[in-house]
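Two complexes, one shared chain (chain A), two partners (chain B, chain C).
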Partner chain A sequence: MNSPPILFALDALTGALFLLTAIGVVATRQVLASLQLFILQSALLTLSAILLGLAEDSVHLFAVAAITIATKTLLIPWLLRRTVNAEVYRTREIERVLNIPSSLLITAVLIVLAYVVASPLLNAVGVPFAQINLPLGIAAMFLGAFTIAVRREAVPQLLGLLAVENGVFFAGVAIVPNLPVIAELAAAVDVPVVALVVGMLTRRIHARLGTTAVGQLASLREE
Partner chain B sequence: MELAGILIAPLLASGFSLLPCGRRFAPPVTLLASVAALALAVSVALEAAATGHVAASGEWLTCDGLGALVLVLVALVGFTAALFSWGYIGESVKHGRQKSTRLYYTLYNLFVLSMLAVPLLANVALMWIAVELTTLISAFLVGFEDTPEALEAAWKYVVLTTLGAVLALLGFLILYWGSRVAGLEPFTWQGLVEAAPRMPPALLWPAFLFILVGFGTKVGLVPMHTWLPDAHSQAPASICALLSGVETTTVLYVILRLFPVIGGAPGLDARPWFVGFGLISVAVATLLLIYVRDFKRMFAFSTVEHMGIILVAAGLGGAGAHLGAAYQITGHAIAKSFCFFAAGVTVLTVGTQEIAAVRGLARTSPIAAAALLIGGFAIAGAPPFAIFVSELVIFKAGLAGGQYAVIAILAALVVIAFCAVMLHINRMVFGAGAQDGKRAAALPRSCKLTLVLAVIPLVIIGLYVPAPLQELLKAAAAAMGG
Partner chain C sequence: MLERILYNLIQVAVVIAFAPLVEGVTSRLKEILQSKRGPSIFQPYRDLWKLLHKDEIVSQQSSWIFRVTPYVSFAAPVFVALLIPVLTRYPLFFAFMADMLGVGFVLALAGFFACLAAVDTANPYGPMGASRTRMVGFLAEPVFIMVFLTISFVAGSTIPYIVQTRWVTPIANFFEPSHILLLIAFLMLILAEDGRIPVDSPSGQFELAMIDRSKSLEYSGRGAALMKWASAMKFFVLLIVFLNVLVTPWGLARGMGVGEVLLAIPLVLLKIFCFVVVLVYIESSLAKLRLFRITEFIGAAFVISVVAVITRLSAI
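Showing the complex of A and B:
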């Protein structure tokens, strides 16, 4: 596998931007801005899949790119706008579980941790593109999970969840470039369904409780 | 053909439930489909018990001993819960909410379908999708009662278990990577067991950990269990029976499938992780069982406890412990679903889930009281019920294997949990209290019938294990690598 160095360099750049969008989702206050960052992140995932598809000469990766662009940059934002009330998008989170500087500090720790987790795998099996995509994908995954923990609004929590999924696929395109087509299609169905289910749940919570600050729901617990 | 039929029956029923024929149409259709699925599942299980393996419909569907055991349990609870739903859901959506009844049954059938698919799908990637669908489909069933608490529970359920499933997805992708390195083409459990010795351990091990933590979230292993008592206490009782009785089991089944894969790789040992996670889950659940204030939450914590026990049993290793694990899985699914039917009947009678608010149930509603008592004894592990026997089998196997400390801790926790559960139930059933003189509401006939039908297997498998079931349990234990 002798991939042109230009593709490698471009993928590294894509990966860096991909990670930046993940950090952005942690740090943004505006709900709408989180959504836009997610769309950007999905576009970068698409770009990485195309670059790897060119390098590995894999049709599967072009399929992944097509599916990602269709579902994550078009279908999901549309679904979310349809299901969740417009006023939710204008919400600005004043209260967070952690303030932004502390969040960013933890973000840095998580990124280092992602490299620690990924390095034994990379040492065991040498795949050039995995050197970029695996640790960055895992980092984006950790950051998405962290987003879910610190955000209180429903839509940013959902976007955190989808960012975790993006991270897994970002790693996935490098480590399994020939994923069976059936799995691609299934993933293409799964992700919009997640968005739809969570979006509809958000709408019901909004209708029933008048708020989407799901982080404050805490009536169920042991005293 | 039978394997495909098991999936087609609930799919058809789900389609029919959507038809706008009034709310009297969907329940019998669902019940009919669940009977058909159960009959097919039993025949598949008999074949699997006799031959060890059933394959059908090309390469897509397959079923071995462990798969058949889970399949039968899902189909059985799918049937009893369908019967229970008829009266229970009819009672809770009495006033003209036809649409929500139809929605309930449509989702109910799809939920059962997704759980039946997990042990049947040969391809591991597709199986992951089936597990993920169980969450997404059941989200609205958890929030069905539309109270703020139910919506809160549904939110936590979807977000946390989906997060877990995505972590597990990375695990499966790494597993696929490893299997490609080892030169394996079809991505099946059978293939993975065969390819495991050739896979790089540096890939296999992180894959295992990602899947254990990711799917462990959905099984309710501590410390990823926080959503479970909420979802399993706020859903309608019929759905709780499915969630607690079999949904956890189907996901645990996937984790157990990994056991022989890791066992086949040189230098890797999953057993301490199974035993560790299991013991922590049992310990925390036992503690929470003492302090619990809501009786549906009590049964939910008991699920966490039992998942822990099964995991410990699997981690002890050896044919004896694995047989105990398979028996415990069976006993738990049957007893826990019965417990939630009993809890549902109690809720219909007294209108509350609070333990402290229910006193002297034996006088106001003998049926609910008897059901709670039987369910409590069965799930806590009193003789002559199956869980008593399976726990003894596990203890015996552990002692024979020289795991004295693990068994001592496990036995002590099981005894404490037994006392906690029985103490709460004793107060509810016999305690002197405020409810004297109040007439209990009449129970729907289908709920009473469910209790009668569900108690039959509960008693039978404790007293004696029929020969085919014995064979099936052995085949299941063998599939765990025991």
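Showing the complex of A and C:
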């Protein structure tokens, strides 16, 4: 398997930018900005799938790329914009569980942890591109989970969940180049449904409480 | 040997002569982007000329530090210009006196003196600006260390002449993720260190909001001219390190001929112009951050540089 080095370098660059967008979803204040970062992240996932498809001559990966761009950069943002009230996108999230500098430092620790976790797996895989994609995908999964933990607005929490999903695929395209299209199609149906459900739920919460800061919903209230 | 010394002196002359021009072009471009006409690009030279012919007033309460600081500030970038590749690809006579860490130390010395001088006069705004500069400085320090760590780790050296060839031979190295991430982190550092817009507003006239500029408020006449010139040169030197060493080491003289070295001057200025356009765009599209949000900005730069190190470590 001797892929051209330029593809390898471009994939590494895509991976680095992919990770940067994951950090951005953790750290941005505006809800709209984190949605745009998620779109950018999905586009980078698509790019990586195309690069890997070129390098390994795999038609499946092109299918993955096409499905990703259709669902994650077009369908899901459209669904979220339709279901969730436009007012939500203008809000800034002032109150977080942790302040931004500390969450950025934890982010750095999580990335190191992802590399530690991935290093014993790399020997087992044997695909050169997994060197890049596997640790970065795992890091994006961690960062998505951390986003869900640290943010209190509903839409950014959903975006964290979707970032986890992006991370899984980013690692997956490198490990299993011939993933059956049916599996990807199943995910492609699943994820918009999740987005739709959370979007509807957020809309209800917003209509009832006038806010989408779901972090405040922990305590019970008598009516 | 003799011509290497000569070229080294030409480098210094270029830095001294063209630094105000870069400042003039920057402010003119910014005004144009805001649909105004703006001052002439030679305005900084006229300001310097005017200030040099005015009387200097020094407070009786101030000590020798206040009087020495303009000369230290002016000498530091001049000294740095001896060390870095301004015009040539090959090391010149003084190039091995210090590496990139040395460059950082020399610039830090000038910053240290500027802070002391700001405290010295007991002008209420001076110490405030000095303490804010120190705050930005100690936040930026770890990022600097991570950036230099990565550079020395990748290139096996911190001598700028070795680093610059490492990033582009072969050209695939340019697209290395650690390189691109380093560029982003270093760009954020330049914005923070030079008091550019997300961190500080360079053209602001409101003393309470100043970070960098309030340190030299007390200077007049020749002292003010030297401080102004020094800050323009510091910016010029940072741009040269960024462009010639890290981003685009092209357009520098390869041979020993005088013509080639002189030809490199317009090419380098062209590169700086292209970068200034980008910088003006960044400055015009962002708003100044509140003081305590600066930690977030530099924290982001720190994480980016950490990621650069990690991606580099894992690639081996």
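Basically, the second predicted complex is superposed on the first by the 219 of 223 C-alpha atoms of A that agree within 3 Å, B and C clash if a C-alpha of one lies under 4 Å from a C-alpha of the other, contacts with A are read in each partner's own complex, and residues count from 1 in each chain.
Here is the rule we go by: a residue touches a chain if its C-beta (ideal position, glycine included) is under 8 Å from a C-beta of that chain, and two chains touch if they have at least 3 such contacts.
Since the model is a prediction, treat every value here as computed from it, not as a measurement.
Novice: Return fit or clash for chain B versus chain C, each positioned on chain A through the superposition.
Specialist: Partners fit side by side after overlay.
Novice: By the touch definition at the top of the document, which applies to A:61: first (chain B), second (chain C), both, or neither?
Specialist: A:61 contacts neither chain B nor chain C.
Novice: A:110 in the overlay: touching chain B, chain C, both, or neither? Say first, second, both or neither.
Specialist: The answer is neither, since A:110 touches no partner chain.
Novice: Which of the two partners, first being chain B and second being chain C, lies in contact with A:16: first, second, both, or neither?
Specialist: Second partner only, chain C.
Novice: Of the two partners chain B and chain C, indicate the one touching more residues belonging to chain A.
Specialist: Of chain B and chain C, more residues of chain A lie in contact with B.
Novice: In the superposed arrangement, does A:195 touch chain B (first), chain C (second), both or neither?
Specialist: neither
Novice: Touch test for A:140: chain B only (first), chain C only (second), both, or neither?
Specialist: Once the two structures are laid over each other on A, A:140 reaches no partner at all.
Novice: With the C-alpha centre of chain A at the apex, what angle separates the C-alpha centres of chain B and chain C, reported to the nearest 10°?
Specialist: Taking the centre of chain A as apex, the angle works out to 150 degrees.
Novice: Please work out how little space separates the C-alpha atoms of chain B and chain C at their nearest point after superposition, in whole Å.
Specialist: In the combined three-chain model, chain B comes within 19 Å of chain C at the C-alpha level.
Novice: So in the complex, the part of chain A that touches chain B is made up of which residues?
Specialist: 117, 120-121, 123-125, 137-138, 141, 145, 148, 154, 157-158, 161, 164-165, 168, 171-172, 175-176, 178-180, 182-183, 186-187, 189-190, 193-194, 197-198, 200-201, 204-205, 208-209, 214, 217-220, 222-223
Novice: Show which residues of chain B lie in contact with chain A when the two form their complex.
Specialist: Those in contact with chain A are residues 123, 125-126, 129, 132-133, 136, 139-140, 143, 146, 148-149, 151-156, 158-159, 162-163, 166-167, 169-170, 173-174, 176-177, 180-181, 187, 200-203, 206, 229-230, 233-234, 288, 291-293.
Novice: State the interface residues of chain A toward chain C in the complex, per the touch definition above.
Specialist: 5-6, 9-10, 12-13, 15-17, 19-20, 23, 27, 100-101, 104-105, 107-108, 111-112, 115, 119, 131-132, 135
Novice: Using the touch definition up top, name the residues of chain C that touch chain A in the complex.
Specialist: So the residues of chain C in touch with chain A come to 172-173, 175-178, 180-181, 184, 295-296, 299-300, 302-304, 306-308, 310-311, 313-315.
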